[in-house]
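Think of it as A, B, C and D in the order they're written, each chain with its own count starting at 1.
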Amino acid sequence: MISKEKEYFEIINKIYLKVIKEENLGETANYIPELSKIDGEKFGVSLLFTDQLQFGFGDCEEKFSIQSISKVLLLALVYRDIGEKIWERVDVEPSGTSFNSLLQLETDKGIPRNPFINSGALVVCDILIDICDDPKAYFLDFIKKVSGNYSIQYSDKIAKSEFSTAYRNAALTNFIKSLGNIHNSPDDVLDLYVYICSIEMSCMELSKTFSFLANKGKNLFDDYQVLNISQTKRINAIMQTCGFYDESGEFAFRVGLPGKSGVGGGIVAIMPKYYIVSLWSPKLNLKGNSYRGMKFLEEFTTATEDSIF
Amino acid sequence: MISKEKEYFEIINKIYLKVIKEENLGETANYIPELSKIDGEKFGVSLLFTDQLQFGFGDCEEKFSIQSISKVLLLALVYRDIGEKIWERVDVEPSGTSFNSLLQLETDKGIPRNPFINSGALVVCDILIDICDDPKAYFLDFIKKVSGNYSIQYSDKIAKSEFSTAYRNAALTNFIKSLGNIHNSPDDVLDLYVYICSIEMSCMELSKTFSFLANKGKNLFDDYQVLNISQTKRINAIMQTCGFYDESGEFAFRVGLPGKSGVGGGIVAIMPKYYIVSLWSPKLNLKGNSYRGMKFLEEFTTATEDSIF
Amino acid sequence: MISKEKEYFEIINKIYLKVIKEENLGETANYIPELSKIDGEKFGVSLLFTDQLQFGFGDCEEKFSIQSISKVLLLALVYRDIGEKIWERVDVEPSGTSFNSLLQLETDKGIPRNPFINSGALVVCDILIDICDDPKAYFLDFIKKVSGNYSIQYSDKIAKSEFSTAYRNAALTNFIKSLGNIHNSPDDVLDLYVYICSIEMSCMELSKTFSFLANKGKNLFDDYQVLNISQTKRINAIMQTCGFYDESGEFAFRVGLPGKSGVGGGIVAIMPKYYIVSLWSPKLNLKGNSYRGMKFLEEFTTATEDSIF
Amino acid sequence: MISKEKEYFEIINKIYLKVIKEENLGETANYIPELSKIDGEKFGVSLLFTDQLQFGFGDCEEKFSIQSISKVLLLALVYRDIGEKIWERVDVEPSGTSFNSLLQLETDKGIPRNPFINSGALVVCDILIDICDDPKAYFLDFIKKVSGNYSIQYSDKIAKSEFSTAYRNAALTNFIKSLGNIHNSPDDVLDLYVYICSIEMSCMELSKTFSFLANKGKNLFDDYQVLNISQTKRINAIMQTCGFYDESGEFAFRVGLPGKSGVGGGIVAIMPKYYIVSLWSPKLNLKGNSYRGMKFLEEFTTATEDSIF
């Protein structure tokens, strides 16, 4: 462990202990019945350097539902397979507010603003159905390969729990179908979508899985080139502008790293070339991002003075 | 000139010669009468390294109307003067589409989405009026200091030309006033705004003026600390997420650098710690950004493999 | 036949012959596959006076798909059964443009603007499912009773044809479900909706079926009081303000009678106390209303000087 | 006084006494400083039959600011002068919600949805400026002629009070100007608009002024034909669909007569061929219509069973 890494260990340790003592505001996601049962006090952090050193704090070994974080992996897989053609079906612009997203679909003829809002991920799911025989197995194999971890699984329970109440996503899927940008049956697309969001990982696993985005597209632990350099940068750019719903600008502003959050309370952020940091704390702020996760990352990049900017 | 800089010189030279031979699409801004008269074939580029070496190509010495690029300098001045309080009056989120911006003002009680859309810059102008006696002189002094160039001036002709047809900005100003987030007279705010946008600089001057954003907040050519490190990163972050209207995501995706464009056809982009690149080519694409400027920068960061991501 | 009625016969005859000679613009509804096959040159008119005299012209005996006209009968049935409580679930305001309707649902917490836009009729279907055991049979019995015609039927073919492509209505149903204003399964609601819209009648039958709305709520041909006087006026009022999508104002302005159109090309209009006029011509204008139907009615009320205003 | 008229007298008297005893909810308009000072307990009613009999109750002789009610007279004047060409500049559709009105202007290229929303009246003011030399004098002469009352005046105080805070209307005017549907200077249009809204009348005068709309376009008290029959019906139709902001459907539904309200607390409603009823009570409900006025009219048409439907 080099001295810079020691310093990071101490910084994280200090911030972790500080944040865990402070008030833990927000609510666990309540629109997915299974998620609302999670203990809101869970708190895990993991930092993985591109030299393969990895730290973990708190509940960093406990699996949680990564939810929308999975959209980055979904995008990576389909981008890898079909290349730039993917952008004929989904754009790369921030969406403004969730409030606008339905309006924009109408104006934009069914092309979602970016692959990290629900409408965009649904369209990417639709593409995935078209390019392989068994999309659930194909996606899971990809995750296993990228994470180097063959124990990773979907959660049937979470997927079914979400599907049972996914009326808003069903509305989106049918609406995009009516506008011509979904080719398969809305139910099939929605089913794939909830499974992809149901992937479970721990912070330690999440950092490993996302390591290719800090490492010019190549897995840290084997020679596998997931994406080329240009594709890697582009996914990081989309995370920067669109990774935190309508708090994306705020995250760029306060934290200064590309990243992605999920309603399970997870966040992953990338310092290109240097490290991947993953967090989990289930209580969400009003914008749907982990309350403690946002706080931790702001203090972390303030202390380290890290930022891509 | 070190070898890396030589390499950049050759790359720019090659791309400059390539782009200037290709079709020059788009239109010069036609809603400001004076701007529509500019020769659409003008094309200048300037690269300034943080070691103070500077290159220039084509019409890099010719002054042009920097228009919205000025909003970054306006923000820098007011942010320097009043600090984080500025964010009570304007947010830091991308706006989605221009189409949404009026709607959002209503929903958001007059708080513009960010300081680089017109509504946001109008609010920052309103603050500037409140914090000094002669805002036009105060802003010009700031520009002169930051650029190290005491010849920089407003263009009365451009300002008056814009004021005479600024009905949409007058609508915005009055609308925000009705929502309580403009304190001075709408006419005064609008008058200051068109003057600030009328600043004229060459690409060479623009690179120098923006050098503090690549240099941790400090002017390259003297010891003046314009902003602190945190403020500097934050302005770069806002440029990244909001600097190119509803093409901001596309710019992050294709070019990968924070930057800002103006309807005069100028663009400035920052590679933090390394360089500032400025361009001018007056024909605009459908999103209002310089057609050749966007093309040049995409080819430039592809060739150099530069990106913050 | 009294002399005033003779005069009306001659007026209609003359306008019918005039309109049928003029260009027949527009398109038959193409989003429901079965409807797009209908002969666009069909043209029927029927006038029924409250003294029971009835005229018919052209294809007035041929059954067609009454589509959205059915929403008035659906509203009448549920209004009769649950009274003013219905307005807790659906409003009585015009919706502006179809473009706004999704936005408004979000702002208005799932309460559709009125019962004649699709979202409103879907909510009324949802209520109907809750208040009876077999809603399809119950609605059909109501239509048979009101029309005095026991041969009226749903069209399985049209209903299934519509269901197979009803993605937009599926989107609406799921969206309202997510907002809490649909209680049953979205598929059940949508299935009932497409059946209700698939009812087939001729112009002659349509006039008879709607006679209670010109007759203080009482069927013309038996003693059955469908609605009370106040309810009857209220349904006429809603037809006036909301009966023709975003051409409702235009219809009030040009024709001056309450009425309702359907994408099958049918229109029914009411002159309270005096008559019911029904038309059928399948080619639709850009707002989705029968091109010849609108033209005929404007000329008709111009010639007769009839208007409620 | 015929027996039917006696009956109406008694009905009004009874409802007047009932309503004045009940709670008087709502607020006087507070965005126009002068209007907020009015005594909220004022309450006047006047009924004028087309046989020229007129009743008055309460504060029926006291002048108040008729505000938006004036838009009907403005429309009548310009419609009279330029005929159907007026509809090239303004539409006749309900606007849905005020929330939509800015959005719709953008989509509809500056054509306001109807002449009774602010944007529509501003466009009609713009036309008025084009068709006469002194629009304020010309409009006032028209009002004097139509009302048969040469004492009617603008209120300088109200007009200036409104102008001083008319930021939202200034926003609208400039926005429409930017979209090309206002030809004169925004300030001139806005100045005319606030004067037209500042007209003061009592309920007694208001009923007389609007008598032509119940009398086939002809003044009750002289032979002057203000509008032809078709134009008269059309203005009534627009009042029915658009006269009460986003409570227009509710008014058609509950009251069943065409009418127009103003933020001064006035309402005028028309029973074509029979009577004109005017009310004044300054406290407004949440939609901006007189709280007691709405209540009175609903009880009145319930008691009389009057309705155009």
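In the analysis below, contacts are C-beta pairs under 8 Å (C-beta built on N, C-alpha and C of every residue); 3 or more make two chains touch, one makes a residue touch a chain.
Here the structure is a predicted model, which is why all the values come from computation and not from measurement.
A.B. asks: Starting from the defined contact criterion, work out which chains touch chain A and chain D both, please.
C.D. replies: Common neighbours, chain A/chain D: B, C.
A.B. asks: Among the chains, which is located farthest from chain D on the basis of C-alpha centroids?
C.D. replies: A
A.B. asks: Between chain B and chain D, what is the gap in Å from one C-alpha centre to the other?
C.D. replies: Each chain's C-alpha centroid was found; their separation is 48 Å.
A.B. asks: Report, in whole Å, the distance between the mean C-alpha point of chain B and the mean C-alpha point of chain C.
C.D. replies: 56
A.B. asks: Nearest whole angstrom, what separates the Cα centre of chain A from the Cα centre of chain B?
C.D. replies: Comparing mean C-alpha positions, chain B is 32 Å from chain A.
A.B. asks: Spell out, as numbers or ranges, the residues of chain D touching 2 or more other chains.
C.D. replies: 99, 103
A.B. asks: Judged by the touch rule stated earlier, which pairs of chains are there in contact?
C.D. replies: The set of touching chain pairs is A-B, A-C, B-D, C-D.
A.B. asks: For a test of understanding, state which residues of chain C touch chain D in their complex under the given definition.
C.D. replies: 91-97, 99-100, 103-104, 107, 113-114, 229-230, 232-234, 236-238, 240-242, 246-250, 252-254, 256, 258, 272, 302, 305, 307-309
A.B. asks: Note which residues of chain D are touching chain B in the complex, please.
C.D. replies: 99, 102-103, 106, 167-168, 170-175, 177-178, 186
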